[in-house]
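Two complexes come next, and they have one chain in common, chain A, joined by chain B in the first and chain C in the second.
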Partner chain A sequence: MTPLLELQDLGVTYRTADGDLEAVRGVDLTLQPGETLGVAGESGSGKSTVAASVLRLLPKSATVTGTVLLDGQDVGAMRWGTLRAARWSEASVVFQGAMHALNPVRRVGKQIAEPIRLHTDAGESEIDARVRELLGQVDLPAAKARAYPHELSGGQKQRVMIAMALACDPRLVIADEPTTALDVIVQAQVLDLLGTLVEQRGIGLVFITHDLSVLASTCSRIAVMYQGRIVESGDAKEVITAPRHEHTAALAAAFPEVGDPGSRYAPATAEPLPEEGERDPQQPVLLSARDLRVHFRDRTGATVAAVNGVDLDVRRDEIVALVGQSGSGKTTLARTLLGLQRPTSGAVYYDGGPVPVSTSGLRDYRRRVQLVLQDPSSALNPRHTVYESVAEGPRIHRLGGDERDRVVRALEAAELRPAEQYLTRLPHELSGGQRQRVVIAGALALDPNVLVADEPVASLDASVRGEILGLLLRLRRQLGLAGLVITHDLGLAWNVADRVAVMYRGELVEVGAVEQVLLEPRHDYTGALLAALPSAGRDDARHEC
Partner chain B sequence: MTTSPTEQHATDPDERRDGTSATRYVAGKVGGALVSLVFVVALGFFLFRMIPGDPLVTMTRERPTDPEQLAHLRERLGLDRPVWQQFLDYVAGLLQGDFGTSYMYRRPVGDMIAERVWPTVLLVGTATVLAVLLGLWLGVRAAWRRGGTFDRTQTGIALALWSMPQFWLGLLLLIATQGVFPSRGMTSVDPPDGFAAQALDVAWHLTLPCLTLLLVIYAQYMLVMRSSLLEEMGADYLRTARAKGLRDDLVRRRHAVPNALLPTMTLIFLQFGMVVSGTVTVEAVFSWPGLGLLTYESLRGPDLPVLQGVFVILAGSVIVMNLLADLLYRVVDPRVRAS
Partner chain C sequence: MSAPVWQRRRAAAVDVWRQFRANRGALFGTAFIALLVLFSLLAPLLIDQRGLEVVTATGGSLEPPSGEYWLGTDESGRSVMLLTLWGARVSLLVGFAATLLSVVVGTLVGVVSAHFGGWISAVLMRITDFFLVLPALVLAAVLMAVLPTSMWTVIMAIGVTSWPTTARLVRAQTLSVESRPYIERSKALGGGHAHVIGKHVLPSVLPLVFANTTLVVGGSIIAESTLAFLGMSGPEISWGSMLDRANQSGAVTAGAWWYLLPPGIAIVLVVLSFTLVGRGLETVLNPRLKGER
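Entry: the complex of A and B
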């Protein structure tokens, strides 16, 4: 049988200003109809380049060597007309980030209909019916065809992308990070949908992601890419449970299984963690919220309770994970705790007293309670050196002492060593993980007592993720910092948090110790979150050990 | 499969609510425009009081006038009263549609503006429409092949023309065309009979002033369109469109250009103000009988009522254009409707 997709010794080189960059080297892959192949790797591993090369969508600066056979036909040798005809009707792509992959000013129905109109000679009524049918297949009401992308939620947009990919009944679908940036519950729905489609239609699916646990539940075979090469490939379960390459092991460890005692308080980090000492559970409460409510008016004038009566304590020497889906009010709660948003009622207390409302009082409070944002690339001014970025806070707060000394100490605390080596660097000269460390150093330079981190590792690569989480744990143990980590990632909570607060529609539905909440959830919503986690299939392996 | 809690929030927008938010949006924009208009009226009044020169001196230059007559004239024009009183009178007149009376021509300013406004509308309108079309077309082509020969030469030419003073370019064109086109006025001294012939006559006279204005202003549309399209070129949805098998020019026409046009549109309307103010020099060079020439002539007085009137009309048209842009933007960009 002719394989649906066959890559033979594929190599892609990008011409850049700094010389040639070999993004993909000697990649061989085969996919049979009805099969799902997972391609895993970090950003920069070349996995998206492989995806783009299948339909020859690479930029002009790319040189391709080797062959891509799509259903036995050499894609590289196709003429433009043949290639255009093959695009979408033979193979289609579910692109990464549905937010940007859809045209913002066209109705989604039109965008779904576009390839049908292009590749078939169906009439208007046929096309309409087909669009309705496709929307039905991805569980969207037909009326959504008239919606613009911004009127849909992230999960709905992703479904539109999938509907669009299926528009011309392709035999091959390439899904490039189709669930990244989606909530666990929505992610589970999208994965479920893709699985069903493969089963029912016998299409071939190439599933590209950085999250091995997602692949485990969807793919039969997995190929792991690292620096442009496939370093390991084989049966999905085997690759995950018994990785042969160290990079696979790092990827697998980065996404811990909730309930695995081996990863409790143990993010995948190269630096050793200090001993978990005897902890006094009665540490003083540093930051607390009492019956906190924040109401917004939406554009129709109706009141929306983003935070609806929240009581929360964060103690010294403790990390609390605030988990919940997007839209649950996590970020509003964090902003209110930081004094960036005025509560409608209720109060925030810091160190026993209410948070001041005066400008100077609030400034002093904000020095004590520091924020670390999700995306270090946008949190840092691209034109400021590391030194400038870290020194900015102390300057604003007019902290005395030697500025350089303070900056160096903060960088050392954030484990950028030797600090002197980083002082004059600009953000673009640093890796993602280093950038996040600089952001953390900027917070530490103010000697805070509380760190509030909003999805601190969501935009980082798997291998860096563990390192940053390890840093947070070490900071808590060494400096006795209190931490509030906002995340949708339950594995993160399992990795570093002492207690978990589960937020759902503005309310904390469950608060308690990590082991208790995540292993014996009492609220239905917590149960739903846990059930939606892709199971890596490591349970069996663990029991065998 | 069940819908998640978050997805239920993103239900279809309620039509009725949409209606009220649209009214609120329009009311807000119109209110803002009215406030600007009030400022323009006040600014126009006080600004022209600061021009050096006494209108009475100019008016009586050729005739010997005794102080008594001068005082009488001053009283008749209302110039003897305090400035704030004059302002109140002026505003009261404006509210009744009365722009005052010209010092020099002793005619109602409203009538004079009404006579002169259409030639300007013709000149500015034609030049703007042509410049927008030319600019957008060149901008799209330049951006699509960024850094290519077309991009580099066209951007260079546009910038050179943009930086040229209008009167200078006008004079150069006059010299270069060697009298092929008429150099002054809007019609021949002896206009031909028949509507078609008259229209042709006006078009003949329009050529040079229109070309001057067009050459100077098209660069701004081209450069804005170019950079706006360049910003869209890396967008992911274009890759989606290519992956669907669309031809390159369809990707450009159907997906890239409509998105790039959105920011461009606002700027087109904003820059309308600069085009209008630019007519003063062009009309002066070609003696085009429009508001610009009227302004130029009135400055010598200074004929304050005429200057104020023209100022209010020109500034008002810019405000109205911006209001139109805001309203149009809401129709064109679905995202603005949502926020």
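Entry: the complex of A and C
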């Protein structure tokens, strides 16, 4: 039987201003119909380039060597017309980031119909029927065909993208990070859907992601890419449970299993963690919220309660994880705690007293409670050097002493060593993990007592994730720094947190010690979050693909 | 610490200059403006000012170009070449001063409106809209009628009518900068309004303002010439007032092209130079235009 897709010694080189860049080197892959192949790797490992080369969607600056056989035909040798016909009717792509891949000013029904119009000469009524059928296949009501992209949620948009990919009955679907921007519950739905489609229609699926645990539950075979090469490939379970290449091991360790005692208080970091000292369970409460409410008015004038009566305590020498889906009000709560958003009612207390509202009082408060943002690449002013960024806080607060000394100490504390080497660098010269360390150093330069981190690792690569989490844990153990970490990732809570607060629709539905909440959830929503986690070992029965 | 910062700024300036240099039109404009500014500053030393006075002028009325008067004479016997060269002083001064006024007001209104938002923004933007729809020439004419006739009234009239476009531009750019997370980080670090505006907003808005400024200068010079041509100007010699006098003294019917063309061509050249420089700077400094090239 001819394989559906066969890559032989595929190489892709990009011509750039700084010379040639080999993005993909000597990649061999095969995929049979009805099979799911997972391709894992970090950003820059070349996995998306492999996907684009299958349909020759690469930019002009790319040179391709080796062969790509799609159903036995050489894609590289195809004439333009044949290639056009092959795109979408033979093989189609579910693009990364459904938010940006849909045209915002056209109804989604029309967008799904577009490939059908291009590739067949079906009549209007036929097309309408086909669009309805496709929407049914991805579990969306037919009425949604008349919706505009902004009227759909992230998961619904992703499903529209899948419907588009299926529009012309392709035999091969390439899904490029289809679930990265989605939260756990929606991600589980999308994965289920893809699994069912593979099973029922016998299509081949290439699934590209940086999250190994997602692949474990969907794919039969996995190939791990690193620096443009495939470093390991084989049976999914074998690759994950007994990784042979160290990079695979790092990827696997980055997504810990909730409940695994080996990864409790042990993020995947190369540097050893300091021993846990004596911990006084009755540490004083540093930051607390009492019956906090924040209301917004939406476009129609209706009131939306983003935060709806929250009571939360963060103690000294403790990390609290605030978990919940996107839209649950986590970020609004964090902004309110920091005084960046005014509460509608209720109050925030710091060290026993209410947080002041006056400008100077608030400035003093902000020295004590610091923020680490989600995306370090946009959290630093691109025109400011590392030194200026870190020194910004001390300058605002006119802290005395030697400024340079303070900056160097903060950078060392954030584990950017040797600090002198980084002082004059600009953000774009640093990697994602280094940028996040600079943001953390900027907060540490003020000697704060509480660090509020909003999804501190969500936009970082898997191997960096463990390092940043390790840093947070070390800061807590060495300096007694209190942390409130906002995340959608339960594995993160398991890695570093002492207590978990689960937020759902503006309310905290469950608060307690990590072990208690994550292993014996009392609230239904916590249970749903846990059940939606893709897991390597636990439920093997979910997909046999 | 400051050494690397200056090094980096100098490197950035060199980079901008390198890209700017690739644009021939902009380079020509820069050279022309530089020459003209230099000459205008030195003019009192180079030109015998007696030739500019009606009573001390030596030539006959409306003489065509000759060896003595290269560009002929005006109706009072003054050399048209001297008048044109001298006129550059007023045109440039009005152009720069009106632009300064317009850019300062526009930047202030734009930044304040975008930074504070809410009702402050609403009020400021309505005022901007009011000045935006006001016919500039009519307002300037009214101001000239109400205020004493002098060059400074011309400057104010032009400045007051040309700031709204700058305000709009600056406001848009400020809004886009303020939506970046590093502004939020700066606020969380305890930075107040002055800090956020001074450290983050202005440095990223000013290059664009600078590019816009050069374009405004050209517009201001045209406005000054128009007003002067319509008889609304001080007693100083400017290109606009030369054209006005040429028109009134019957230079057109007399066929005295040498009286009309020099100030006209001077206006065209100067405005063209400023526009070329402004466009050149814009393509280098405005990130949005850069990508499309």
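By definition in this document, the second predicted complex is superposed on the first by the 537 of 545 C-alpha atoms of A that agree within 3 Å, B and C clash if a C-alpha of one lies under 4 Å from a C-alpha of the other, contacts with A are read in each partner's own complex, and residues count from 1 in each chain.
The rule is short, and it goes like this: a residue touches a chain if its C-beta (ideal position, glycine included) is under 8 Å from a C-beta of that chain, and two chains touch if they have at least 3 such contacts.
Note that the coordinates shown come from a computational prediction; the quantities given were computed from them, not determined experimentally.
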**Report entry** Simultaneous placement of chain C and chain B on chain A, clash or fit
**Finding:** clash
Requested in this report: Between chain B and chain C, pick out the one touching the greater number of residues of chain A.
Outcome: B
Requested in this report: Could you say whether A:Thr303 touches chain B, chain C, both of them, or neither, answering first, second, both or neither?
Outcome: neither
Report task. May I ask you to decide whether A:Gln282 touches chain B, chain C, both, or neither, giving the answer as first, second, both or neither? Result -> neither
Requested in this report: Look at A:Leu118 in the shared chain and tell me whether it touches chain B only, chain C only, both, or neither; answer first, second, both or neither.
Outcome: first
Report task. May I ask you to decide whether A:Val439 touches chain B, chain C, both, or neither, giving the answer as first, second, both or neither? Result -> second
Requested in this report: Answer with first, second, both or neither: which of chain B and chain C does A:Ser358 touch in the superposed model?
Outcome: neither
Query raised in the report: Who does A:Gln200 touch here: chain B (first), chain C (second), both, or neither?
Result: neither
Requested in this report: Name the contact category of A:Thr16: first (chain B only), second (chain C only), both, or neither.
Outcome: neither
Requested in this report: Report for A:Arg383: first if it touches chain B alone, second if chain C alone, otherwise both or neither.
Outcome: second
Query raised in the report: Can you list the chain C residues touching chain A in their complex?
Result: 1, 4-5, 8, 180-182, 184-192, 195, 199-200, 203-204
Query raised in the report: Across the complex, what residues on chain A touch chain B?
Result: 55, 57, 84-89, 92-93, 95-97, 100-106, 114-115, 118-119, 139, 143, 147-148, 150-153, 155-156, 164, 183, 185-186, 189, 192-193, 299-300, 325-328, 504-505
Query - chain A contact footprint on chain B (complex, rising order) - result: 1-7, 9-10, 12-14, 17, 20-21, 235-237, 239-247, 255, 258-259, 262, 332-335, 338-339
**Report entry** List of chain A residues in touch with chain C within their complex
**Finding:** 338, 340, 359, 362-364, 366-367, 370-371, 373-375, 378-381, 383, 385, 387-388, 392-393, 396-397, 404, 423-424, 426, 439, 442-443, 446
